[in-house]
Every structure is written in structure tokens, then in C-alpha cells.
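Note that chain A is present in both complexes that follow, paired respectively with chain B and with chain C.
And now, the complex of A and B:
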């Protein structure tokens, strides 16, 4: 079962127009069907092509292609006290999905500004393969990942965690979290398959929703 | 839906609760909610047969965590 939370504009890079996307809390069978029947074949095709051309999964932005969202969704639905799942839909399709943890051992800050303070931990976040630069030649919707990260920040505020969020990034997504979202890189985590750990500290959470400043004209 | 309960605590217990709320920047409700989530998260792991260890900062001491 899922509940609509809000509507957000997403830029369709192909048409150049903005379209209304709906953000949902929860997931239903349609979303899982989209992932299995629309996402997975495209991932499979690109992985096959990459295998032939010698590219690795990071280079084609598909390191998460094997994630089994059905199992993750069941875990989240069974334990809503610890997990939340969010879906972004646009154009009759599932454009992105995110699973977060609201408590437990992963939900303590490592940032020097506020060590051990509670945070929302983004366990898994995926965007549809057709929205990914490097995976397809003409990615469609821009900003799906940012919308879901903003949703995690909002949830953190609702839970009195001051907007703090944390996550481990796959290598191909590191630049997105550090350069595009401005999260703090707290280094490789040997306890978590060597993935780099990122946090958005409270000091940056309050300005996360502000538009990026336009470059000054000289 | 949210439900309300009355919690009877000793002065010492309330002192700890208030000190943690101050330190973590949380209301009493949010602190109790986070404490419950942590407790449940660890209890779920132990129920599956996982083990939880606490290691000292200098790594000389390591103890297995048991919960009620």
C-alpha cells in the first residue's frame, strides 16, 4: 500500500519540459512490476553490452542493477517501525525508489559536528535505468535522486533529527553525493565492503532545499 | 495514529532521560522512540542468531552484548 505525499516538477531532458511527478510513501505491486519488467531488462541489456565492450558496472552507472527490490520492499512493509520506503512516479512509470532506516545501529552520526547524533540512514536508493547518464545515451528525467534524498532530509526533520542523513555510496555514485549534493565524505568504511560513507550534517540540511546560486556575470 | 501513555520514572531515571534529550537535541517522545528502534533493531538481530559485540576504543576489551 502506498500514500501520495506531494507532487514535484521533474525536468524531462528529452522534451525540455517539466512534468509533475508524484512522491509516495510505501510501495505497491505496480512499482515492483515496473522494476522487474521495465528496469531489469534494460539493465540486463546494458550489462551485456558493457561486458562485450570491456566497461565495468561503475562506468555504465549500473552497480545496483542486481538489487532485489521485491525482498527489500517486503522487509520494509513488515517492519514500518524501522523502515520507510518511498517511490517517485512520473509518466505512468516508476522513476526512482528509496529505502531508509529510521533507527538502529546505522542511524548514528559520524560527523565531527555532531558525533553519535541520530540520523536517517539511506539504505538503498535507485533511479530507473533510463534516467541515468552513462547508462543510456539520452537520459530522460533529471533530479529523481535529488528528490528522494530531499525526502530523506524531510523525514529527518520530522523525526527531530535536524535533517541529518547518512549513507554508503557505490563508487559510481560518489560524485553525485559529494559534488552535486554537497554531502560530507567521511572516508572508506572498512566495516562496510570498503564503500565510502557520506553524511549531510545538520548545518547543511537547512540549506539543502535552497536553489543553487547562479554564477555571477563578469 | 498516535497514542498517549503515562510513564512513571524515578528522579534518577528522569534525570538521565532529560540529560540525553539535551545532549541529543530530542524531545522525550523522540528519544524514547529512537531508543525503542535501537532496542528492536538489536533484538531482531539477536533473535536471528547474530551476535553484537562492544569493543573498547583501544581494542583490548570486547564483550558480547546481551539484551532482555
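And now, the complex of A and C:
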């Protein structure tokens, strides 16, 4: 079941204008079809082009081998009630998807401020291939990450987790989580394909929605 | 869900954010791993044969078998790159170049629009195409020469494509 939450702005990089997008909780057949018929062929095309031009697939986050690992991990989820999925739609298309966990082993803080405190863990935050600056030359919508992370922080407050969230950033996105969102970089996680693990601690979450977030505490 | 942020805040943050990637966690490449987060009916629609089947791949393969041509030979006749044609035939999700679709259409004497209608996305949108394509793909067996039934299936499908514009 998919329920609209609100209308949010996304910036169209081509026109330079903000457009209205809809933030949904839940996913439906249209979203699955968009991923299958619009996202997937573009990934395939881009992989083919990259292979021809000698580009490194890992640098554009287009490796299939990398994906197989995660595919099994998501498919193995046994209790969908511990999860929430959020969708961003704009222009009749699925622009981004986020899957979060509200409980379980990954939902304990590793931050020195509050070890083992409960948090919302972002299993994945995926933007459509046409919105990715490293994948396409002229990406379309900007702001998907900001909207979805804000939604995760919001959910964390709703679930009485003080705004704490955790996630593993994909290569190329680390700066977004550290410099742009002020999350704490807790280093490479050897048990998670070496991806860097980031947390938004409660101290940062309290100021997250203020116009000027305070810089990360050293 | 009561929201703690406003659209004004979002606009100001998005404007300030650097133009960089934001993807996190498990990379999402297709829908198969997340279908169980939907209603069962939704999952069945998204994974229906109409969306997954390799209609264009099967069609090109069948044409080659009907005319006794290798990939290279058909590519030469179409005046397209052999690698491109091989990709069309081997990868159901491959999106052919517009020129390739145009040349294929010429070869089959159908409209380019009809060939374009065989891409996965177009099939998903058009139930008539989906049904005809499903029937065609299901009738295909991978033998060296076309059986009479396969030849009939191929001819019927090409006829269907030829009439595509009239729908």
C-alpha cells in the first residue's frame, strides 16, 4: 500500500527551477515497473558504454557483482513490518527510493556519544540513474537525497530515536553525508564491503532542520 | 507522519548542497529484491512475463534463423554494428540505437514505431502488444531451424507489427 505524505520540491538541473514531487510511504506496481523498465535498461546501457570506453564500473557505481551481494540481503528480509519504504515521484517517474529499518541488529548506534542507542538504519537510498552525476553527463533532479534523509531523520524522531540515523555511503557519496549533512564518519566497515559508515548523532539531529546546521563536533 | 521540515527549508538546503551523488547502502538495480514490500498483486504485475520477456531478442534470433543468417551477416544486411545486434539478441534489457530499430523495421517491412513498441517499457504500457508478444515469445523454441509452427508464429507476429500503426 502506498500513501502520499506530502509534496516536496526537487530542483530540475536542466531548467534550474524547482518542481513539485510527491513523497510516498510504501511502494506499488508502478514503482516496480519504473525500476524494471526505466532504471534497469539505463544501468545496462551505461555499463555497456563504460565497458566500451574503458571506464571503471566501480567509479560510477554500476557494478553488477557489487549488486548481487545486496540483492540477496534485501530478498532475505523476513519481517517487512520492521521496515519502511519511501518513494519520491516527479514528472510521472520514480526519482528515488529509500528503505529503512526500524529495528534489528543494524539499528544500534556506533557513535561514541551514545553507544548502542537505537537508530533508524537506511538499508538503501537509491536515486534514478538519470539523477546521478557520476552516471550520466546531464543529471536531471537534484535534492532526492536531501528529501529522503530528512524523511529518515523525521521518522527517527517519530519513533522516539532522537533523530539518530545510520547508513553506509556508496563511493562518491561520502562527501554528501559528511560535509553536506554533517553526519559523523565512523570509518570503513570491513563487514560491509568496505563502505564508510555514517551516523547522525542525537546532538546533530536536534539542529538538523535548522536553516544553518552546526558543524560536526570534533 | 508529522513533518519537522518545510519546503522552504528543503529549497534552501537543496540550493546550497553540492551537486554530488547521495546513494547509500545496497545498490538498487532491479525490482526483484523489493517486490515483497508491495501488495502481492503489485509484485505479480511487475514481474509479469510481459515486462521481462526478451521479445526483441527473440524476434531478431528468429529472423536470423528464418533467413539462415549469422549475426554478422544480418548486421551487414541491416548496415548496423554486429556488436550492437549481438547485444540486442543476447541482452533482453538492451536498448537498441534508434538507427538499429529503423533498419530492423525496414528489414521486416514494418514501421519503426512497431519495433520501438517491443522495448520492455513499451510492452509494459501496451496490453495488446504484451499479449501478442507473450504468445510469440512463448511459441519460440531454440532449435537451429524454424519449425512450421514457429514460422507461422513469426509471420503472425510480423503481421501484427505491420498493423501496429492502425491501432
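Note that the second predicted complex is superposed on the first by the 189 of 218 C-alpha atoms of A that agree within 3 Å, B and C clash if a C-alpha of one lies under 4 Å from a C-alpha of the other, contacts with A are read in each partner's own complex, and residues count from 1 in each chain.
As a working rule, a contact is a pair of C-beta atoms (placed from the backbone, for glycine too) under 8 Å apart; a residue touches a chain by one contact, two chains touch by 3 or more.
Everything numeric in this text was worked out from a predicted model, so none of it was measured.
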Exercise for review: Once the two structures are overlaid on chain A, check if chain B and chain C clash or fit side by side.
Suggested key: fit
Practice item. Determine, under the contact definition given at the top, whether A:103 touches first (chain B), second (chain C), both, or neither. Key: first
**Study point:** Partner touching more residues of chain A, whether chain B or chain C
**Key:** C
Point to revise | chain B versus chain C as contact partner of A:82, first or second or both or neither | key: first
Check your understanding: What is the contact status of A:159 with respect to chain B (first) and chain C (second): first, second, both, or neither?
Key -> first
Practice item. Rounding in steps of 10 degrees, give the angle chain B-chain A-chain C taken between C-alpha centres. Key: 120
Review point. Given the touch rule stated above, what does A:117 touch, chain B (first), chain C (second), both, or neither?
Key: first
Point to revise | Distance in angstrom between the closest Cα atoms of chain C and chain B, superposition on A | key: 13
Exercise for review: Enumerate the contact residues on chain B facing chain A in the complex.
Suggested key: 24-27, 30, 33-34, 36-38, 40-42, 44
Exercise for review: Under the touch definition given earlier, write down the residues of chain A that touch chain C in their complex.
Suggested key: 1, 5-11, 13, 18, 25-29, 31-33, 35-45, 48, 61, 63-64, 66-67, 69-75, 77, 80, 83, 85, 97, 99, 122-127, 132-134, 139, 142-147, 149-150, 153-155, 157-158, 167-170, 172-173, 175-177, 179-180, 209, 211
Review point. Where on chain C is chain A touching in the complex?
Key: 1-5, 7, 9-15, 17-39, 41-43, 45-47, 51-52, 87, 91, 93-95, 119-121, 124
Review point. Across the complex, what residues on chain A touch chain B?
Key: 79, 81-82, 102-105, 107, 117-118, 159-160, 162
